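Two complexes are shown next, each including subunit A; its partner changes from subunit B in the first to subunit C in the second.
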Partner chain A sequence: MSSKHSTGQTATGPASPTARHLATYLGGPLLVWSGPFTRATRPERVLSAYHLLVTWRDPSIELVMHGPAVEPDVVSHVDRFAHELVLTKAWIAPNPDQEMIDAFSTFATLVVTPDDLPDAGVADLADALWSVLRT
Partner chain B sequence: MADPLGKQLRDEVEKRRDAGRYPPGVEEELDHLYERVVARPASVDTASLHRLVAELATPFYASDAEATSRVPGGRLVHRWVARLRRRHEQQLIGQLNDFAEAVKNCLEALLKSIESTPTHDHPDLLGQVETLEVQVAELRRRLNQ
Partner chain C sequence: MKLLYVVQRYGPEIAGGAEAHCRAFARQMVGRGHEVEVVTSCARDYATWANEYEAGDELDDNVVVHRLTVTGERDMKFFAPLSDRVLSSRYLAPWHLQERWLDAQGPVLGDLAPWLDANLDRFDVVIFFTYLYYPTPVGVAFVAGRRPVVLHPTAHDEPPFRLPMFRSMMRLVDAFAFSTPEEEALVRSRIGTRPMSSVVGVGVDPPRPEPDAVARAAFGLGDRPYLLCLGRVEALKGSLELAAFFAAYKARQPGPLMLIFAGDRVQVPEPHPDVVLTGVVSDEVKRSLLAGCELLVAPSFYESFSMVLTEAWVYGKPTLVQGRCDVLAGQVERTGAGFAYKGFAEFETALELLRGDAALRSRLGAAGARYVEENYTWDIVMERYESLLEHAASVL
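So, the complex of A and B:
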């Protein structure tokens, strides 16, 4: 299930640690990817698209990628990839608890799942995400 | 698919395909970078391995059983059996300690080999490089705005 919130920060007062963290530090639109970390869901595409977004579109965009670590090595690859790309505003959150999931959803500007993402190049994907994020 | 966001994203992709808004080859660069990340061996925590190997240095030893007994003469029997047992155990313990020493030497040689490969880390230099990378990335992003 995917959704887009006009302003995540208008949700009810932050109660959980994650919500408090986001309420304090979130400085721009929050893109949330929610799906299992597997080779099949190709989370690295979202990270590449996010890299293009923050490098050529809007450096204030933040990213959360969360979901079950079905293939733990994929999580570690994605984490290292984010590190290599110096994506300091990307939060890779495998196996989040319900409190984190709720907070991510509350503060998200846009939530996408693997099923939402077309089989396109990352540049096209980045542009598509950008067009939705800025509306 | 009935998902409206999925449809919106697919429509946008169709519209923007081949628009050429990013530097040429950027997608390929990202693909290659991810391939390199996947191919890279995970860094080895040699400090914890050293600790585990060091534990092998604890020698095997024979523990003396209690020589006390409530049975008349039992104490004497226990002492004789212990003396007899110790004589045979010493040989076995000696062999076990030799084996542990050989395993320890082997693991230390392997650790030395791991640490001398080009994949070993220099945390101090890596920290400096990472700081520079962050600064360069931030500058690039500001310039691209």
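So, the complex of A and C:
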């Protein structure tokens, strides 16, 4: 995991639509998951942990999940799961272009990859993420 | 009968519609020889549910009131974001999220279920007021099947009413006491069944006219004519729309006419030289304002029953009401005591008509007074209500 504090400035310049969007609408800490959408990387686990965070810890946390859609049905599954949990501040972004990746990275409070995450239950994973995001 | 009322707040200082409604019924039932107790919270403010009353038992006009400590006040950090997720989303929120929202809304009474468990057997019927707040869904689930449950939903068509959590709760209710036929139709359409029910209404006390000079002196009104709007001043109550309509009307029809908002100032409309916001007023001043007004305006978008309309009719005043609220429009249509407006054009036309014809105002006001006399005196209301409770008491 790598944590950083957003400056609100964009590395990609004023022409970047994603940076402009985040600069305008981002209202809290931004958790960014970056990795391929596959069964093996278990992105739905991060989504569940994020649900616990915004429901019980801090409702202002926002989430971006981006990476190559290696297994497209996994993207669909994650997207549907986000809708079922009414996670209105979760942005599922398969196959982002470089401009988006740069903007996500710039505005992120915490960036995680599948390899960073402990092989733990969802509640423990949420606690681990919260211990970084709360600071 | 031995009756238990369950309500989120209770007390003479509570101005909220459903709570005042509950207290009026409880006191009326005591007056008719029933034994009445109330279990409620220590909260006075519905926005925070902060514990302000002392926990424990007290007597209010021969009603035994049991106050429980609020163990979860309104969680402001979560309430608005959860409301966005649960009420404003295109997707149906999962059950656990609806429950989380209910807790965040409050008032959470951690001792409610244990209190009911220890005391339930003493009562013939348990009566809940307002479908919306924590004590009702939690209490109904606990009481259903053990004692007859009656609910005054005080429902209107608002986003929370559409939550499946409330539909499930209402299906556990043995009998409903509705305020209007519109509320009855709304609830029946939502729960999909036709349980025992009665359109009971809400009773009105006989008029105790107060000279209008009291209010005129208090707010510096002189002898100018004025429209009166009673109740909380906020957008959902239509107050801001009314203020904007009135300002537009005055720009087109200059003159001495004023608009008086008498009620809690939750939101403040654009300042206007002919608009007065009095804040909360005493009963005496309210009656004085009613006595002196040309007509009463009820601009709210959400009502399950308008007590201020019946109060105005008792005083023989005509009424102008929000046509986008089925309940208000229905009340006025049944009485023939005024007009409903949708938008500025209808507001202006109706106001012009009423202002220009004193005889018409007098006829409409008299029609309202007659309707109340025939349908909403407390004796008439309580006969309907006692009959419903007796039927409900026989279900278990």
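We adopt the following convention: the second predicted complex is superposed on the first by the 120 of 135 C-alpha atoms of A that agree within 3 Å, B and C clash if a C-alpha of one lies under 4 Å from a C-alpha of the other, contacts with A are read in each partner's own complex, and residues count from 1 in each chain.
By our rule, contacts are C-beta pairs under 8 Å (C-beta built on N, C-alpha and C of every residue); 3 or more make two chains touch, one makes a residue touch a chain.
Only a predicted model underlies this, so the values are computations on that prediction, with no experimental measurement involved.
Please determine, from the superposition on subunit A, whether subunit B and subunit C clash or fit.
With subunit A aligned, subunit B runs into subunit C, so clash.
Tell me which of subunit B and subunit C touches more residues of subunit A.
The partner making contact with more of subunit A's residues is B.
Please indicate which partner A:Thr55 is in contact with in the superposed arrangement: first for subunit B, second for subunit C, both, or neither.
both
Counting only touches as set out at the top, which of subunit B and subunit C does A:Glu84 meet: first, second, both, neither?
Both partners.
First (subunit B), second (subunit C), both or neither: which does A:Val132 touch?
first
Name the contact category of A:Ala123: first (subunit B only), second (subunit C only), both, or neither.
After superposing on A, A:Ala123 lies in contact with subunit B but is clear of subunit C.
One more residue to check, A:Glu44. First (subunit B), second (subunit C), both or neither?
After superposition on chain A, A:Glu44 lies in contact with subunit B alone.
Superposition on A: which subunit C stretch among 21-29, 39-47, 93-101 or 201-209 collides with subunit B?
With the two structures superposed, the offending stretch of subunit C is 93-101.
Indicate the residue numbers of subunit A shared between its subunit B interface and its subunit C interface, in ascending order.
Comparing the two interfaces on subunit A, one with subunit B and one with subunit C, the shared residues are 54-56, 59, 84-86, 88.
Under the stated contact criterion, what part of subunit A meets subunit C in this complex?
Interface residues on the subunit A side: 54-56, 59-60, 83-88.
Can you list the subunit B residues touching subunit A in their complex?
1, 3, 5-6, 8-10, 12-13, 16-17, 19, 21-22, 26-27, 30-31, 33-34, 37-38, 40, 42, 133-134, 136-138, 140-142, 144-145
So in the complex, the part of subunit C that touches subunit A is made up of which residues?
Residue positions touching the partner: 77-78, 81-82, 84-86, 89, 91, 93-94, 97, 100.
Okay, in this complex, where on subunit A does subunit B touch?
Touching subunit B: residues 1-4, 44, 48, 51-52, 54-56, 58-59, 76-77, 80-81, 84-86, 88, 110, 112, 115-118, 120-129, 131-132 of subunit A.
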